[in-house]
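If you scroll down you'll find the structure; I have some questions about it.
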Amino acid sequence: MHITSPHSARPPEPRGRTPRARAGAALAAVATLGLAGCGSADASEEEIVVAIVANPQMQDAISLQEKFEEEHPDINVRFVSLPENEARAKITASVATGGGEFDVVMISNYETPSWAENGWIENLQPYIDQTEGYDDDDFISSIKSALSYEGDMHSVPFYGESSFLVYNKEMFEEAGITMPEQPSWTEIQDIAARLDDPANDVSGICLRGLAGWGEVMAPLTTVMNTYGGGWFDEDWNPTLTSPETTRAVTDYVNLVQEHGQAGPATSGYGDCITLYSQGQTAMWYDATAMVSTIEDPSSSNVAGQNGYVPAPTMETDAAGWLYTWSLAIPSTSEHKDAAWEFVSWMTDKDYIQLVGEEVGWERVPPGSRYSTYEIPEYAEVSEAYAEPTLTAMNNATQENTFTYPPPFEGIQFVAIPEFQDLGTRVGQQISAAIAGQVTVEEALEQSQAYAEDVAAVYQRQDGE
Amino acid sequence: MTTDTLAPPANPTDTDRTTRPARPGGRRARSAALTAFTWLVALVFFMPVLWMVLSSFKQEADAASNPPKFFFTPTLDQYAAILNAGTGEYFLNSAIATVVSTLIVLVLAVPAAYAVSIRPVGKTQDVLFFFISTRMLPVVAVIVPIYVVAGRIGVLDNIGTLIFLYTAMNLPLAVWMMRSFFQEVPKEVLEAAQMDGASLMTTMRTILLPMVAPGVAATALLCVIFSWNEFFFALNLTAVNAATVPVMLVSTMTSEGLFLAQLSAASVLASLPVVIAGWIAQKQLVRGLSMGAIK
Amino acid sequence: MSTTVNTSTSATRSAAAAQHARKDVWLRRAPLLPALIFTIIATQIPFLITIWYSLRSWNLLNPDSDVFVGFRNYIGIFTDSTFRQVAMNSVLYTLGCVLLAMLLGIGLALLLDRKFIGQGVVRTMLITPFLIMPVVSAILWSISMFNPSYGLVNWIIGLVGISPIAWTSQFPFLSVLIALVWQWTPFMMLLVLAGLQSQPKDVLEAAQMDGASALHTFFYITIPHLRRYIELGVLLGAIYVVNTFDQIYLMTAGGPGTQSANLPYYIYQRAFLGFDIGQAAAMGVVVVIATIVIATVALRLIFKSFMSTEQ
């Protein structure tokens, strides 16, 4: 009765044996508990509150905060770490209403330009220019321009990502399947069907299904784009019920329902990380940032046995997205200088070194700086994926990933303020379709209605 | 005196009633079967809690195993990890918000209940209706103004804000409960005291309060339960400085992968104060839950 | 507790000094005022602001959008099919949870209303779900019980050959409902148990003497006696259950889609994920009005219940 199945969800892989694993366990504990204990109330100390998204790289940063505090004994850092949807809600509400709870917030290339325009976040360019050795030309150029408003950076990247497809080489060899160099979605469907092995708790592919524009809608939008569909056409007409979009969504939903992970409608990035690194799925199409976790032997059972190919395509040359988690300072912060000290520490070249040495080179936050890819130790561990990552990031432009020139910025999102809401509501519909609660057609029709509201509002505002 | 039957089991007044449906023949066997059935149902019902407690003593790999592990070497690692991770501040925040708001509720509710029950003036019913109607309103309808106003006056992530809101949340309940306790005080006792020329204050302190003391305790217990378990305001209005235990649990959920054993340990610790208080004060609980309608 | 007395008395005194003529009325009213004023400030002012917001078109992300739009937000609500759906969910959650919990509660109370070995322990076990923090109960059900790969429920149904079910995504409404019923059954059980134990014994004995069967006694004496307790449990339960947020937030996030969202969760989402403050406020106002209408009816019943207990 008490025998652990070899395919249990969490294989018995105790954290806490090697120093690094112990650090991993400690950081997890610390991250999850939000570091309540570090509040030594020294009157001379300045306290800054940092709101971040609970992704692995951020948790590494939390685990390394002692290093920062050693260098800056007068600054006390406290973290609020929440899952993506919740973090976004809390950060946006706080910044937009001038709540002032946070001194540093983690946002993305979606928010940065409009928040800068609204004057909600500080212009970081003066700080950057004053900070010696903080090389902002080293930031990957597509990322740097995405985080700039009127030529000045308003947030600085912690990591950048595109999307690609990872596959488990051992499973492919066992099944005698070869992954094409640039797969199409049709080929992926075929391979997923062959590798799907429910009897052994292995699914053909893992795809996000969790509602949320930053969850299911990110990969799905790239699929829609490469099928020739998308959110809006050149004239802002919603195209969520167009034949191309319908085909893309139908294929995605069918694929994840038939050959995807268990409980697809509630799995997000975090769930796929767990499943893929425990060897419970053969393929996974998601953010390039996944490598930090799945190539780390202390948290992954499949480290070193992964192959990477570009995002599957249909009608376009490339299909990957461009995304970056970046740090900004809300204008309401009363500790801007201390906040910048922390922001610059967490996004500087030295931090990359620090993570490499303290936590492990495979856990370095990727895709933010060119110099990261020149570090020999990193080049060594990242041999399998450094090249695919950089290629994916370089190809992640609208020209490569759309069949038509869209009237908005963004690849996997539409950079208008209303998109956050629209994406969330459409994400709910898609998630419902994945769960089998509604048909794809029903979901898309309701989504189209939401998008029409937004388009009308947006066109009206545009016309003013 | 019927309330006494709610107190722990060995109550002699129960005996005659339990024999009520008895028929001489299969009585004992039927009774044993019924007892076994009751135990079974209770265990099924209690299973999720039991499972959580068991999981909290497991290593992570055992906690999330399939099939589930019923036999394992218990460990305190998860509790140690939770306690070492500096959860103290969350518990302190929860304790402050709970205790202070409960005290304020009592300070406000006891005189108010006195006013509507012992010496009521007109429109008592309207006032009572108003109090209870505020408890029915969805808090979500007012969260946005509260958030915006709190932001403007700089009291977001402030324990005082939670205390204020928890007081507002529990006050109607407390007024209703205390009212029912005051109503049990015999009028003659008060009249006698007034005849003796005792001041209102003296009457209250020496006669009334001792008589309603159990009611105050029951009211306090309910306020404590609701404040300690409150999540919605804490989620939206706190960040780090005033974050309470439920908020800590939610951020525990969100780390990379699942730390089920650790989460279970945190859950056990979070629930323990209220569960124990409720276990001890089962009798008061019933009266509190019915806002004094059931004695 | 002496502070309580002092506060109220000094308030009483100053009020009395100011109002010589109506001294007695004020003396009686004064102790009520602090609580009343506090409640008005804490609950009515935010609500007035909510009404104000509901007449404006304010998207938090778009500062220019904050203009007066009259009742446009309200019109939007009544054309939103999702709003209707979540409103229906709210009703179903409330009715479903209250009725199921009441039926189970009556059953459990009947089982408990006899003397047996370990009665105290059994009762203590049974009331525990109500004491558990709702956040914990949500975590417990969504992860320990309903997790598709290692949840206890799937293991148990696996024993009888049913293949694993992704509970919170395939049956989100049911999953949340189960967690809610689990939490609220003890509440109902305690109220009904109090009712059972307050039955006048002489009546029961008389019925027995007259040769009434146990079943007969139950339906013609016990049930009518319990009616007041059941009504009270249903009404109080409904007040709390209709505002459920924690379980939905943590177990399904209202999803998939909005399948398992209720009104509080949907309004929260419109406000804190959609940042459509005007629309969220208008929904809040609509819900408050609906609640007041329903509550007025319900409170009459409650009052009847409460007043009759005082005889």
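When the chains are written out, they are named A, B and C in that same order, and each has its own residue count from 1.
We adopt the following convention: a contact is a pair of C-beta atoms (placed from the backbone, for glycine too) under 8 Å apart; a residue touches a chain by one contact, two chains touch by 3 or more.
These figures come from a predicted structure and were not determined experimentally.
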{"item": "Of all other chains, the one whose Cα centre sits farthest from chain C", "value": "A"}
{"item": "Pair sharing more residue contacts (C-beta pairs) when A-B is set against A-C", "value": "A-B"}
{"item": "Separation of chain B from chain C, taking each centre as the mean of its C-alpha atoms, in whole Å", "value": "14"}
{"item": "Euclidean distance of C-alpha centroids - chain A vs chain B, Å", "value": "41"}
{"item": "Geometric centre distance via CA averages, chain C-chain A, whole Å", "value": "38"}
{"item": "Residues of chain A whose C-beta touches two or more other chains", "value": "8-10, 90, 93, 97"}
{"item": "Chain C: positions in contact with at least two other chains", "value": "147, 149-150, 272"}
{"item": "Per-residue multi-chain contacts in chain B, two or more chains", "value": "64-67, 148, 236, 250, 253, 258, 260"}
{"item": "Residue ranges of chain B in contact with chain C within the complex", "value": "2-3, 5-6, 8-9, 14-18, 20-21, 31, 34-35, 37-39, 41-43, 45-49, 51-52, 55, 64-68, 106-112, 114-116, 119-121, 125, 127, 129-146, 148-149, 164-165, 167-168, 171-172, 175, 180, 183, 200-201, 204-205, 209, 216, 225, 228-229, 231-232, 235-236, 245-246, 249-250, 253, 258, 260, 263-264, 267, 270-271, 274-275, 277-279, 282, 285-286, 289-295"}
{"item": "Contacting residues of chain C [partner chain A, same complex]", "value": "59-64, 81-82, 147-150, 164, 166, 168-170, 172, 252-259, 269, 272-276"}
{"item": "Residues of chain A touching chain C in the complex", "value": "8-10, 85, 88-90, 92-93, 96-97, 114, 118, 201, 209-211, 262-266, 417-418, 420-421, 424-425, 428-429, 431-438, 443, 446, 461"}
{"item": "Complex contact set, residues of chain B against chain A", "value": "59-67, 69-72, 81-82, 84-90, 147-148, 150-152, 154, 156-157, 236, 239-241, 243, 248, 250-260, 262"}
{"item": "Footprint of chain B on chain C - complex, ascending", "value": "1-9, 12, 25, 27-32, 34-36, 38-39, 42-43, 46-47, 49-50, 53, 108, 111-120, 122-137, 139-141, 143-145, 147, 149-150, 152, 155, 158, 182, 185, 187, 190-191, 193-195, 197-199, 201, 204, 208, 214, 229, 232, 236, 239, 242-243, 245-246, 249-250, 263-265, 267-268, 271-272, 277, 280-281, 283-285, 287-288, 291-292, 295, 299, 302-303, 305-306, 309-310"}
